[in-house]
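Per-chain numbering from 1; labels A, B, C, D and E assigned in written order.
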């Protein structure tokens, strides 16, 4: 039988190559596992890496080529909301499915929701809500927020602030800072946070904006802990290269190495054996999302896009990070988000890394479908 | 002056070239046709860039600001004005870009040479950061979907989602604008620009207001880039900040240069070559920018005339004589 | 009061970094009239080399010295075998060449070191803090400022107290004539370009511990360096000093006073300078 | 002989401009090279200086072969060049233009070393313009500066190309006198001049060029006597 | 009736007072020569008259119209043309294209977006007529940079004439020419300026005395004397300041 082609749209060259590579590795491992077990409905999965260059026009051009020449119907990607936006247009036009395991902008399943688009990861609302839950549970009173000055950063901050107000009305947001993407010197911002007297700092920063913030804050005398979107990442922690600057801070994500359970242990072992490194951060996310997609295809019993869409809607998948359920009304998966503090000693790395993960249940962080702004998915 | 025999040869060439372009949708596959459509759009973009670089001697590192403005203006116009015909939206976007070009030109043309190059780069960065912040227009980092309406000509409705249709519309509109650009280089205005590059002081003493000439050219070139941007938005049905990024400027620079500055057809060749070649090598290796970079450096070092220059000298070699085209516009 | 002082210090440190980064660019532009687009790539290469040397030897001092020396050699090679060949074609070709070079170096760096961000970790005194008029401040930031001061002074001495400066400026006007006066012009140009590359690498090595070392670092700094030389006046050393200071402080106090516009402030400054004095604060009229 | 040129051939692209120039100059001598426009006088000077590379012939300076050397090497051996177009550095001040020229005397120093002070003594006009950009100087001022700049290098032989072109009569006279004074300090000069009458008063040796060859060679007296040669190659 | 009048023109460069008050006038069809030592400010005066840069104070009137504030392109449209001390032509263009640039400016075809000057017979014919006048018609399609120096100077004059001016300003038109070439140049200038006014800067007395109706001597920033050639030749002040004794 024919193979099922799955195109992975990631930046495989350029500055964000590292992120793209990691996502791709996760998807590739998923295909490996699936194929080793006889494929999906007897069909092998063929992963086609596509270098999106993080440019929508390039991504869609290449995708068009795959659609027109190879008949590819399934696409996934995790980096760059703009790529997702462009892919949505394409998905409509050619009737195909695009799922993401990394693009977090809430609007993608909100105002911009589309029948051909599935999000199999947390969005800015749920991700922020998980961190807000942690902050509220620790009883912090003074909270500062710092984020990149673009839609993602703003959405993340708004989500966090709203959830925190709800969970702990006593908590006060003493500083709410937006800084340009690619800021090099965080000193003035750090001083502002220090002046505000915050006990904890929320940040949705990623890339160099995360590492530089953490790295520069400590020597300037900031004692507060950070509650971060992406600190569960060995990549960020090695870039900071200062364990003291990260220990005690917390990260949140839908998959972590430290999620308890034998399923996860087995997965980590298998992955390590196959690839030679751990399925940290992005790899695990992409793996799980792809496994869930495979479940949907299995359930549909065919590779027909409409059948898979219908099968996926409402599907539950119990991977290794809790139960994930695909909500039919907006195609946003309902899943737990895990939080974990960074600790010095861990079984994985010599440097500091996240400790035991705590689950924040889906019910606690979900945004009801009516509140997302999604006007329905009728084709 | 062209001899009539030569005229005829050119005419024949044009005729067959045009015929070939018309036949393309039946020859090429859907994807290659799409690449061709994109090449045509980028040809205009590169031709407009060459107006600045090749003709006026202005090296700009900020051409993407016009390209982006054109693209986003089209998007905004289509989104906010209900029932706006597509070509009207494109025209409005082009006009708007011209306006932006006027303001930017007044500011930037106060300096020349390298400072000008540098400032255009800084302005490009400025436009980009405005783009990030002005989410209402650009959709910020997420980009914006373009609601491309059908074109109504009497009884016929043209749906631009269809590959051949968008190809023909692009060919008709963008192609004729490119043709107009060619004519422009021979008009009084086009020639004045060329002379100003040669010797500006003398031109002033010959009664030319050189500042105005340069400004007109800058605005003209900018609005053409805007038009290219508008079609780019239409073709993709989606615009992101990419359209105003410095990478987009880099792209036009590479295209124009690889094709050959100073030759009218150079940028067109460059745009077509770049589009297909990049498509080809990016499939072979992830380090394709390395190859592009090395190719580019090699071109700068050994064949500064670009592809057009290479073809020209090859033709001259075959003809066994030096090509000597009477038109001053073609020399560098 | 002490708040303003802290922000002033932040501004100084950043100004120091900006100056270090733009010094090589200013040198090459001021002397050779070549806008060196490869500048930021050299900066990045310098940082990566420093990182590797640190890993190998553990000495930051060594990294700060050797990395610029390597780039000195590389700069000389680039000038001698590439840039010189396109010189006769005019500035457009020089710009294009350095531009292509930047592209290639950028890719080569990714090829060699990968794309994972790396950190240069300093220890001892440099990693410490000091008490300055009642404010506890990281030594490293002051160190950067000190280095910038030193580099600035050294450049001023060489350019204004020796004949080097005028020789190279004259060579930009008419290099053949300078040759006829008994000066080995190609050697001078090579030296200037190499020195520019070395300065960039030095900036990269020094920036390493404060910022991280990653493939995007070149792009991130390029525009800043360009804004500095536009505002200061292209090729003017004094202009670069002044512009670095103004921009550094503006960045810092901008965050304090106009948090909404901190990025726009820089561009507004640039636009203002352009309108009032297109040649830059201390630039010479064209 | 301080300078000995033998059978020098130079080309611009395909055009064969110098067709075997022979020319010799004794130490401390001032000689004048005459001829109509375009016969190759400037090209001769440029070829000696290495600015144009002769394809054939030998050029010896102070008994050393300088044929094929780079201009800067030739200059360092003690040759100075004052170009016809003056080639002042426009963006440098007068003072800086002089500094560029500074060079240690080659070989055994003949007499006094030229310093900025000494230059300003000889050219007070330049002192007045000391801090003005070279590009703003009037034609005459530029001419003075270009000679002064060459002197700063303490050359043993100067090649001077039409120094009086564009100068007011009085100044032209002054410049030529200036050259005579310089020559008196023991510096050899090879002067290209249109106005042979003026040159007659100064120079010891004369060469007349035509179509890339030296067609006459002799002292002032011989030139005055060679009526026919003058008629044919110099006068209207 | 004066076509050009300068009234008390002053020019200071920073502290340097180059022109301290220059007043002169040029009549219709008159040939005025300006002489003076190097650095006297002759070229500066030309620059002010032609509008390259403004005077510090004073007034320039052209055709009874105050043009002090006008830029150079406006003045040239009014009929004032200048040549340059250093040859200033379009080196890479053909000889005819050099002249055509001025001819079409005169015809108002400067920024026209539709008309092609290369196709306009009338303009081409007019350009050819000018080339004929300066003796370059045979070199019609030669690139300017391939011309001999003397021919380039002739082309410089041709370009100046292409605007069909009423007044031309010539800055050292014979500098660097041999006696023979100079004589040819004088003859040509005489021919082409027969019915227009002309101001000429020269150091070559031979040229001055063959061309000028009147001579103005510029010295230390003012006009020292302005009179007929014979008067100037015998003026002791002029001899001391400029000519020396060597006048032919």
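Rule of thumb we're sticking to: a contact is a pair of C-beta atoms (placed from the backbone, for glycine too) under 8 Å apart; a residue touches a chain by one contact, two chains touch by 3 or more.
Chain labels with UniProt names: B, C = Branched-chain amino acid ABC transporter permease; D, E = ABC transporter ATP-binding protein.
As the structure is a prediction and not an experimental result, all values here were calculated from the model.
Engineer: So which chains count as neighbours of both subunit C and subunit D?
Structural biologist: In this structure, no chain contacts subunit D and also subunit C.
Engineer: Mind listing the chains that sit against subunit A and also against subunit C?
Structural biologist: Common contact partners of subunit A and subunit C, which must touch each of the two, are B.
Engineer: State the smallest step count from subunit A to subunit D, taking one step as a move to a touching chain.
Structural biologist: 2
Engineer: Taking each chain's centre as the mean of its C-alpha atoms, give the chain farthest from subunit D.
Structural biologist: Most distant chain from subunit D: A.
Engineer: Quick check: more C-beta contact pairs at A-B or at D-E?
Structural biologist: Result of the comparison of A-B and D-E: A-B.
Engineer: For subunit A and subunit E, what's the span in angstrom between their mean Cα positions?
Structural biologist: 75
Engineer: Centre to centre, by mean C-alpha position, how many angstrom separate subunit B and subunit E?
Structural biologist: Centres of subunit B and subunit E (C-alpha means) sit 43 Å apart.
Engineer: So the centre of each chain is just the mean of its C-alpha atoms; given that, what is the distance between subunit B and subunit C in Å?
Structural biologist: 34
Engineer: Taking each chain's centre as its mean C-alpha position, how far apart are subunit B and subunit D in Å?
Structural biologist: Subunit B and subunit D have C-alpha centres separated by 53 Å.
Engineer: Specify, in ascending order, the residues of subunit B that touch 2 or more different other chains.
Structural biologist: 129, 287, 289
Engineer: Name the residues of subunit C that each touch 2 or more other chains.
Structural biologist: Within subunit C, the residues that touch at least two other chains are 110, 263.
Engineer: Going by the touch rule set out above, which residues of subunit A reach two or more other chains?
Structural biologist: Residues 13-14, 17, 149, 180 of subunit A each touch two or more of the other chains.
Engineer: Would you mind giving me the full set of chain pairs in touch?
Structural biologist: A-B, A-C, B-C, B-E, C-D, D-E
Engineer: Which positions of subunit C touch subunit B when the two form their complex?
Structural biologist: Residue positions touching the partner: 29, 33, 35, 82, 85-86, 89, 91-93, 95-97, 99-101, 103-104, 106-108, 110-111, 223, 226-227, 229-230, 234, 263-264, 267, 270-271, 274-275, 278-280, 286.
Engineer: Inside the complex, what are the residues of subunit A that reach subunit B?
Structural biologist: Per the stated touch rule, the residues are 12-14, 17, 51, 55-57, 60-62, 64-65, 68-69, 80-82, 84-86, 88-90, 93, 105, 107-108, 112, 149-152, 180-181.
Engineer: Quick check on the complex: what are the subunit E residues that touch subunit D?
Structural biologist: Touch residues, subunit E against subunit D: 13, 16, 35-41, 43, 85, 148-150, 172, 175-181, 183, 203, 205, 241-244, 246-247.
Engineer: Going by the contact rule at the top, pick out the subunit D residues touching subunit E in the complex.
Structural biologist: 36-38, 84, 125, 132, 136-141, 143, 162, 165-173, 194, 235-236
Engineer: Can you list the subunit B residues touching subunit C in their complex?
Structural biologist: That would be residues 53, 59, 107-108, 110-115, 117-119, 121-122, 125-126, 129, 250, 253, 257, 261, 287, 289-290, 292-294, 296-297, 300-301, 304 of subunit B.
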